[in-house]
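I'd like to ask some things about the structure below.
For reference, chains read A, B, C, D and E in written order, and residue numbers begin at 1 within each chain.
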């Protein structure tokens, strides 16, 4: 029972076990003498202070939100896009109909996009400039 | 329009021993062939070529020590990486440390399954080809985040998250441009798309909007692969080498390899979607015999994508790096709106001209 | 035992086992990653059921979008100092008991009910085009409403997530 | 005579009715005006009641003149109209007018008018001057009503009113405790008699099942008699005796005579009007009115009571030095005389004695009133030699005394002679009752003796109290005029027009002559004896008193009857009262009433506790706490943990499923 | 034995129950969201299975698509809320988040 997906599946499986395979091969060729200094995380040469703190504000999250919403939108658009050519070539009226449907769909979501844009969610460092540097950023813990 | 394994099966059907082999055997052979014969050597060569071009651009000589003109440099690098000690930081999360390269490798490699090198030479002729590619590439973000997180290094985590944010946000323009192409072609099947582009009905010339979205696609894809102007995560000066700071040895090699694989995928997809895949403008290759047609088509396809790749490399060593907020602003305030505009434009164009592109219209003028 | 059935059981295992890990693993990060595994299993099930587009969308949205979001949330919400996510000390006996009970009943229900299945063997159809047509004709209103829902979610989330 | 005028005035009504109602109601009107507006009127309104009684007096004179002119002894006028008309019982109210009524009316109105006139002088300056006149007119109204009523019930009503007015008048100076006590004593003693009378009325009422009118009773008796008997006496006699009890109470006969001497506490005009002429006569009038009703045994009993009262009170009058007390006792004895007369069957004689007695006894009382008014003392021992000082009073008193002691040519002699004749004729018929004439004659002798004792002590001899003597002066004209009128009426010839009424009873000639001879002898001896003792002081009364000390003491203390009553009744009654009071106090108050207090306290405390502990704590607070506690418990359910909610939801779903599976 | 509809239903119900257990027993609110995702997937499988085995048309798949939309919207908003809670109360432990005012 062969479908195109079997190759995909096989590809995935092979890909998945390729990396461990390579590493295994490497393991036997490579020297392995762990040294605490070597094993410490790399801090541009300095001694690593504390573990990797990072406390982001939520702008990464906003980006992820936008991505997900538009990703879903696009996922929804694909089937419509696929049938677009067929409708358009079939008749002018149907073409206009599908065009208007797509336009409506996109327009509604564009409202959200415009909102995000005007509200300044795209500026990445807005937070940094305007807000005085967050104490934790100031790096006073590094003294 | 069968896929490569079926094509091979037909070829070797008559052979005595190979006849009984099931199709998926051929697919395994094809996969291994693709990986080892094409992917890994190509990556190495690409590294060499890139360093040569970089040197040339910076008026210096690239690697020329190993083998004539340094051609074997990449083999030396590969061996070095192979033999180099593999360090896992102490308080790093061991399991995740290993998992993240796997994820990235899978997402990078599996994309090749749907790229139509030639008429029947496509590993998996899915009828949702391009959509599958989009889905798989979206897995890269996962690997980036995990990589950054697992190495328990402040900078690598920051780099990882930033890389993820970048990849994520640039995926929207890429997806939108792909959507516009699908709008025009009407199918998701890559082979079908290429076939529809005929000798010179290339999509890029289909309508001006599509041309813009092709450019958007090319640049956004660059950013998605963290190449040159957008390689903030590994920006040496700031975050050492981003999420793969802690990786060394073979794991680092994998990261490196996947980077070049993704670059090639970008070029390949660009050629299939916009530049007419394995079509030569004026020569109809399909009429040739099998033995000649396939290699020619593959050659045509490879020249187009390698040309794109070279431009990529060229861009890398000429343009200065974007600041992070400029990067984001560029994506969200330029690419996304323009790609939406192109989408709507092409739709409008399609409605207007009932799906015919400029080449067809011009041809129509003459023919009638 | 055709390859189809064996594949089904493989994919079933691929969904169930990571799901169990997601539910019971103390470390929230491993739970999130095992969720990735179960999403892939579900995609496989979709492929088996002939819904290739849905499988691709599943991968695209769930793995590429939602899981990324969850990971972002996990990272942002955890005081990274701790790095450890060993925080699950809640006893899970009662819920599992009830769950198993419910499961038992559901399975009994499923097995007893006679589903008049019309098994059509004509392999996977090209779904995307058909889906597109259906979406535009029969299910147009939900299609448009989906955009409204997304808009609402977008604006709501942005307002909530705004960092000030 | 007045008929034409009256017909013109009130054409519709019967002229006789108009006259009688005028006679009856004018004193009432007088009383009402006097009582309510008396203070504010000119001269405090005495002219109002005087005028009212004058009207009824004049109208009575007209009636009397008609009666005399008609020469008809058996004159009778009846008018009655239904008052209570119940299916089971009907009572008519009406007016009965016959010879006795007219005579009584005459006596009442004349004496009342004269007393009114007299008291305008006597009561001068009294703070409650107008009220006195109000009471007087009220008394006259009730007396006239009594006389006019034609049935026992109306009679009994007026009988009570008369008792009330006597109480009011006796106790007129209520500041004096003795006056108050006297009025109470009078009222209670007469009430005792009234109770007896009431019992009699009830017996009649029930035996004759509802007949109260006199004619009806007499007609019923003629047909059938009362049946049944009680204590050996037939019911009829018993009823009679009970009725007589009322007469005894009112006319102060033997057992119930004690209140009359004390009644002297009232002002003298009152004594004159009520205790000499009218009210005390009511008893006699009752007996005469009900005469056919009494059985022979009852009559003899009445005769005995009358006779004994006469001799008994006569002896008491001998020793007293208070002028009004002596007169009081003489009244009692004279009433005894009348009762004796009636008892022996001489109704006309008895009734006539009443009329004459009313006249001269009123005169005596008024004279004593003017003497008291002049000397401001009632004690004979402080008087003497007043004949020059107060000539008119002296002359009128002398005439009245002569009348009362039965000296010929005076009214007293005529009536007393008839009574004594009656008694003799009765004894001749019933020789076993020989005691009655003896009592009669001895009483007559004693009467003569103490009356002249009185005259001699006050008017003759020398003034014993010089200071009072100088002060003495003759009473003013409005007081002496009634004296003169009354003294004139004491003469026999005044009553000659009534001869047709007097000769109704025929007494055998020889008995009549014996009676007159004996009465003359007796009167003369009495006067002679008192002349000797008090004028000539041949026999010193004090030495006699010393020798017959015991007799003297008993007389002075009125045979200790008051003490007897006191001891027999009052003490017992008081002791009974004390006992009852004690019982009431200890048993009822302490046990029953106060006893309840602790019970209620206990119960209230108990219910309080119960209420407090059970209801408040248990129910009210209890519910409150219970609600609070349950609230606290239920709050626990709402922990806010979302997962618990879902868990509970899931658990319940499972339970439901299990149940379903078990059931299906 | 050939894979019938009820196999898929059993699979989805197992996934569903696991999702519910995840929702109930997870202390970390993001764990709960993962539970919710599992439940969503279970429904998806059901829809697609029914459309293949019973109606053999694509309505089931359409609904699966809509489930993706809903799931995406839900996760976005839920995580925004969770992060907001985290910022206010520095914890995403569902047990601490139980009073009305966060």
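The definition used in the following text is that a contact is a pair of C-beta atoms (placed from the backbone, for glycine too) under 8 Å apart; a residue touches a chain by one contact, two chains touch by 3 or more.
Just so you know, these numbers come straight off a predicted model, no measurement behind them.
Following the contact convention of this document, E is the list of chains adjacent to both subunit C and subunit D.
When every chain is reduced to the mean of its CA atoms, the largest separation from subunit D belongs to B. Nearest to the global CA centroid, when each chain is reduced to the mean of its CA atoms, is chain E.
Of the two chain pairs examined here, B-C and D-E, it is B-C that is joined by more C-beta pairs in contact. Subunit A and subunit B, compared by their mean Cα positions, are separated by 17 Å. Centre to centre, using the average C-alpha position, subunit C and subunit E are separated by 7 Å. Once the centre of each chain is set as its mean CA position, subunit A and subunit D turn out to be 134 Å apart.
Measuring from the averaged C-alpha position of subunit B to that of subunit D gives a distance of 150 Å. Counting partner chains per residue, subunit E has residues 20, 24-26, 65, 68-69, 72-73, 75-76, 79-80, 83, 95 touching two or more of them. In subunit B, the residues that reach two or more other chains under the touch definition are 91, 126-127, 131-132, 138, 152, 157, 161, 164, 168, 171, 187-188. Annotation for subunit D: residues 647, 650 touch two or more other chains. By the document's touch criterion, interfaces exist between A-B, A-C, A-E, B-C, C-D, C-E, D-E.
Only residues 91, 93, 95-96, 99, 126-128, 131-132, 134-136, 138-139, 141-142, 145-146, 149, 152, 157, 161, 164, 168, 171, 187-188 of subunit B touch subunit C when the two sit together in their complex.
On the subunit A side of its complex with subunit B, the touching residues are 2, 4-8, 10-12, 14-16, 18-20, 22-23, 25-27, 29-34, 36, 38-44, 48, 51-54, 56, 60, 63-64, 66-67, 70-71, 74, 77-78, 81-86, 88-89, 92, 95-96, 99, 102-103, 106, 110, 113, 116-117, 122-126. Subunit E contributes residues 1-11, 13-22, 24-28, 30-31, 33-35, 37-38, 41, 44-45, 48-49, 51-54, 56, 58-59, 61-62, 64-66, 68-77, 79-84, 86, 92-93, 95 to its touches with subunit C in the complex. Interface residues of subunit D facing subunit C in the complex, by the touch rule stated above, are 647, 650-651, 653-654, 657-658, 661.
Across the complex, subunit A meets subunit E through its residues 58, 61, 65, 68-69, 71-72, 75-76.
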